[in-house]
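Heads up, there are several structures right after this.
Note that chain A is present in both complexes that follow, paired respectively with chain B and with chain C.
Entry: the complex of A and B
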């Protein structure tokens, strides 16, 4: 993994990107080791309710007597997992679609590209709400794949919203690369299209893809938090940051800390990811 | 120099330029000096990476943000010192006292402003002229650069002009304030040879004998020979030699200059005469410069003393050379002709008169592209326009022989090659390889057929996948088309690398670690991996430096002999084609104008178009001016259907209505030499005799 190491070194060279990278790494540590770090479980209501931050409860407790610090720490995993996995699915599917329409061109490209354009005109949140509304109300048998998918519908939504965007970026890179002579050299030795797309073209598209993926990731975090806040994402009593903001927003005069800390966590993570994705873009465009 | 009593316009001494990189400051130009007098065109010649453009930009005091001029540098324009001047002072000098003509006029002109306004800008900026006054002067300036109908020209946008017209606009713009100094950076490199010739004539007429001094930056020694009075040869940022053009070409004193002059293919010299000597090795990177003489690692006559830096010495009045051994070269103790080891490969013994069996037959091959319509055109119900790229071309390629294709850009030679290789579908026509029908595109062809026809592409930067190692790039066709197992293929990669003169460890390198010449060698090895009967070479040496180009040409010649392969060799450079090809077709607007054996096609040229091409080549010999047949204007748009002879709109020897109305006959000159022209053979021969006499007379005087 020499390239990842080199990328990390580059990221740590400038103060801005180093800050972003450290923030993201910090939350990753929380996501992985959260249960070890958090002093209590998420739904342990045995604490005194509505306690201001103190030595025992650094972020205070909420009106149900749950430790806010533990809930914020434990909430890191679900948001990173949802946003990360969703982005990954979007990137993989978007790459396949983008490579195919970019490489084949012609009629298929016209149809798919115009559909993508139409799709991009719709606000992401609207698409998400409509999709969730439909999926949640489907009469699905428990234990089937479809039911599993419905229970993780936030993942599905992120993928759905971002596949067209990723596909469009990959398509335009593919159009640029496919006229290069090494692609023609592959064509004149009769390579199948799949080989040319994935072996010859894809590596040259990866830099653009990494940039786009990191950007999508930061949007996805925001989307997951928004869905949680609107109550269509995770359901109570999950320690979801967006959900926590929503639950505590009407009680802000009683327990402002229970509102403040999850909000701050979302903001910090989004800023961190953005700083990092800016830096990745700069490094990739320089041809690192 | 100041020897003739004139005061130089530009005096440069001890100019140094450095760039900041990740590893610190890297020196790109050192100890550069030059003196240019009014009316003089000074050539600054060097290969890529020699620092010639950096030196020119240093003189202009116009460097990229990571560049700096070293302290102690001295650049004087008349009485003004330019070094260390802040930007706002330079802005008054640029455009008013110093004009600049860039390499790519299309990129230098603003696409959304009419060209007349762009030229007028300099007048309004520096002389404060009003609109009407400025326009009058602009029209006058466009007339001076021989642009037809300047009143209408000023209203056009850059995209409506051809490359040659754009470059004339740039020259008009640079000269409109009557600057003291004009700097031209490779102004003709992106133009066709016939357009280049016209631009060179123009620059010569505008500068010679006038008050402006010119610095002409180029990689082409032919241009220097035909245009300049003096020349400086640059290598890795240092002056190697500086002399008058006559002296430099007749008695070069530096081994590098000698190597460059040796490696230029001359028109009429073929692979059967002698192999082309090349300069071994490659230039060092700027950050890894040799401590002594910068040319020492590649120099054939380097001694121990060459590990120390040679001083820039003056062997005579107005001459400079930086070499420890120039005295021996000047005295003739080291002969120039044999200084470089004659290449072991390249010279071909194959007898041209021995008829070879036919490998491929191309019959009436035609490609008409149908253009996409704009929305407006669709709504107006206009037909899709047809671009006639190739019109019924016939070729016969023989086994083990090279078929050369020459022509200007847009002549259809690349489209023809792409149809043969199967990357472009043909509109009509047939291709037959060893009696078997060759299908339209690669998708329809059998693996056996694909293996038979391979290709070497033009651009070394794009020819290899940057993410695959050299070994992977060559192994793939071996396994895919050669049917070898992975282990067999690995072994074969080593053999192929050796065949293109690369060491086996290159298999593990990636393209960014290779020089342009090395990439092209790998591309050749890849093309030969499937043991093809026919290799298409589309401008394979065009983007290489001369010193490297020769080695690649020799390599192609040797591989052809060893493998009995046939080539279709495409180039716009007549000398390169005539060196390697046995048989040549001259193409114009999708049709073949003349075909014949390489050795007698250009000496003398018979067809008026061939004649114009030959006469446009800048010959690397200041004493030989070619007869000047010049083609005015660009070729007509390929969308237009030209009746009669395709060349009649530009032909300087047009004989009348017959050229416009009837398609010309194929005239047989014997020896498989055919000419597509209305002018009878004996008259064509007569014309060339007259031309030759004139040339000889002018050569004698």
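Entry: the complex of A and C
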């Protein structure tokens, strides 16, 4: 874990990457402690409607009389959780697939790589929309595993969309590494393939993986927000930022603040993650 | 923007000023329009614009210079066979190409169209309807009584969506002169209103390819139709009420109201006729447009299935109503357009029948919680609230969810695409749903369709013998007093025991460019008649 601390120190050294890191940390704090920070619950409509920002309601209230500040604060958790967990699943699965096809090569590599290429030709948002459109409208019994999957479909869709991309990156790094001497030495020692992939090759792939993961994370945030905006992500009254933008866009003339603050939150988070991911890339390249 | 916000924040017990002003203007336009159609065909009409004078000259000029009225719609027709068409875009196209026997106006009065006059026998069983002379179809054939009889035979044939509506017709025979005699099996004081039904446009006898070929008698002739894009129509110079005021109409089918409003701002279209509240609010004070608001009987129906738990328990139904604050919902989702509802479909526009003094149950979440405990739900209720993804409806669901939560009713909101909500497992099946109901000219149509036990669209599956008896009385009695009494009792039963919450009646909202004149917005926007419309330069 010393490496995480070292990475953090490295990130905080330059102003740009420090700003990005602090922004991300700020939103992480909101995600974890949101319910303690937000003065009201997400769907509390006991306030006067359409109030401009004031000392009492720092971000104003929306047309249903909900505190926009509370909703923005509470919204941090779902977007970070969706984008973060989705990216994590994509990275884990993508690593396994990428290592396997890169290491074994041959026919399996041909089949899987061409499938991945075909997948990459499709825009992520389109794949997500079609998948969610189908999954959401399946008549599923409550309490079944399928229904549980459907209720977490946004998470799974993000994973689905990004697995091929991660797999491709890992595959090319694997191809690079597998001809090195230490891998050949392990093969001569008679180590099992799984051991070679995860103990010999994976550590060399990690820098590329961290860079790719942080980049995917910033795309995933945009994707979650887009899906919320298009109405196929979170269900109302979840304080999902994308959904909030959608709900309030027709009322821009009446409650502009209810539209502005969630938009600003999405923008700030994406900028923060991007700055941080740039810095991680720089550090990894220098270190590698 | 300041004015728009004023509407919102100053809204109290009465309609906001701006809204009342628009309302009066629309009503004045409506009344004048009625007079015009009934008494002075060919004369100058009324308008949504302030300067109605001199529009007759404008009409001739426009027709000569080839002015085309371009109307934008959010959405597009899916089905243009009159027997099953229902959306505004579909009806708007049919209403331009074909004629109804009778129209209704903005105040739900009957307005002659192909039928110029009608008489009822004393027993209420025989209607003698006089048909206009000299009407021709677009293909040149004259309109005959056989065409009308054929059309209604088609609508009456079993297994059609319209069979129930016209089941009361025993026979349709040609009468003396150019009259048709409708004989009924039982009296129906609303019979003429059933002839105004959206499906009842007059086709030519033995018409083929209905829904893809369009040969009507109406004021406009279809030139071209590109599904999901546009329909282009030209004026029918031989229209029996005189040639239309514009050279043609173009309907543009756009993705949503924002696209339509952008097209209007950009001068690509001249009007948007089916706006949601929020979008309308952004245009209402724009001096560059004429915003028109018409109150309607249309409403959003929040209904609980009454044939199985938990809605089968009257205590639970009462709890849902006590947990609902209709005024707050109206203020926060309708912004002062329309009227607060009383949990029954007989709204304030049905002035002769609306019982103003019968208040809905008060907002009392604590009492609602007690009733739920009495009904055996000590820990409250967990349910899914299904809502179609139409503008403003998810917001209604959110408002209900917040209010009901105070009473221990916790709902998960499931927003569904409209095609899914109206699909097989949708609105007629789910336990808790929100269904928008369009405006009807008479209250009986709602009761027959959705409140009588076993009715086709009784989505709440509610059966109440007392209610059914009253619905039959109201449907058949010729005694106006007895009818009003029945409607009053129906309102009382639905308020106290019914399975529905009607938080508000919505308004029909449209925005026109100032060039458009002589259009009277209809409570059902698709039924707005455009043949008197003119365009000034």
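To be clear about the criterion, the second predicted complex is superposed on the first by the 287 of 288 C-alpha atoms of A that agree within 3 Å, B and C clash if a C-alpha of one lies under 4 Å from a C-alpha of the other, contacts with A are read in each partner's own complex, and residues count from 1 in each chain.
Basically, a contact is a pair of C-beta atoms (placed from the backbone, for glycine too) under 8 Å apart; a residue touches a chain by one contact, two chains touch by 3 or more.
Keep in mind it's a predicted model, so treat the numbers as computed, not measured.
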item	value
Fit or clash between chain C and chain B when superposed on chain A	fit
Centroid geometry (CA): angle chain B/chain A/chain C, rounded to a multiple of 10 degrees	150
More chain A residues in contact [chain B versus chain C]	C
Chain B versus chain C as contact partner of A:45, first or second or both or neither	second
Touched partner set for A:123, first chain B, second chain C, both or neither	neither
Partner chain in contact with A:185 - chain B first, chain C second, else both or neither	first
First (chain B), second (chain C), both or neither touched by A:200	first
Which of chain B and chain C A:5 touches, first, second, both or neither	neither
Which of chain B and chain C A:247 touches, first, second, both or neither	second
Shortest span in Å between Cα atoms of chain B and of chain C, once chain A is used as the common reference	46
Common ground on chain A, meaning residues reached by chain C in one complex and by chain B in the other	none
Chain A residues touching chain B - in the complex, by the definition given at the top	180-182, 184-191, 200, 203-204
Partner chain C, residues of chain A touching it in the complex	43-45, 49-50, 63-65, 137, 139, 231, 235-237, 247, 250-254
Parts of chain B lying in touch with chain A, wherever the complex brings them together	421-423, 442, 445, 447, 450-451, 453-455, 457-459, 462-468, 473, 476-477, 480-481, 523, 526, 530
Touching residues (chain side chain C, partner chain A) in the complex	1, 4-5, 8-9, 257-258, 276, 278-279, 281-282, 328, 331-333, 335, 389, 391, 394-395, 397-399, 401-403, 405, 412-417, 420, 425
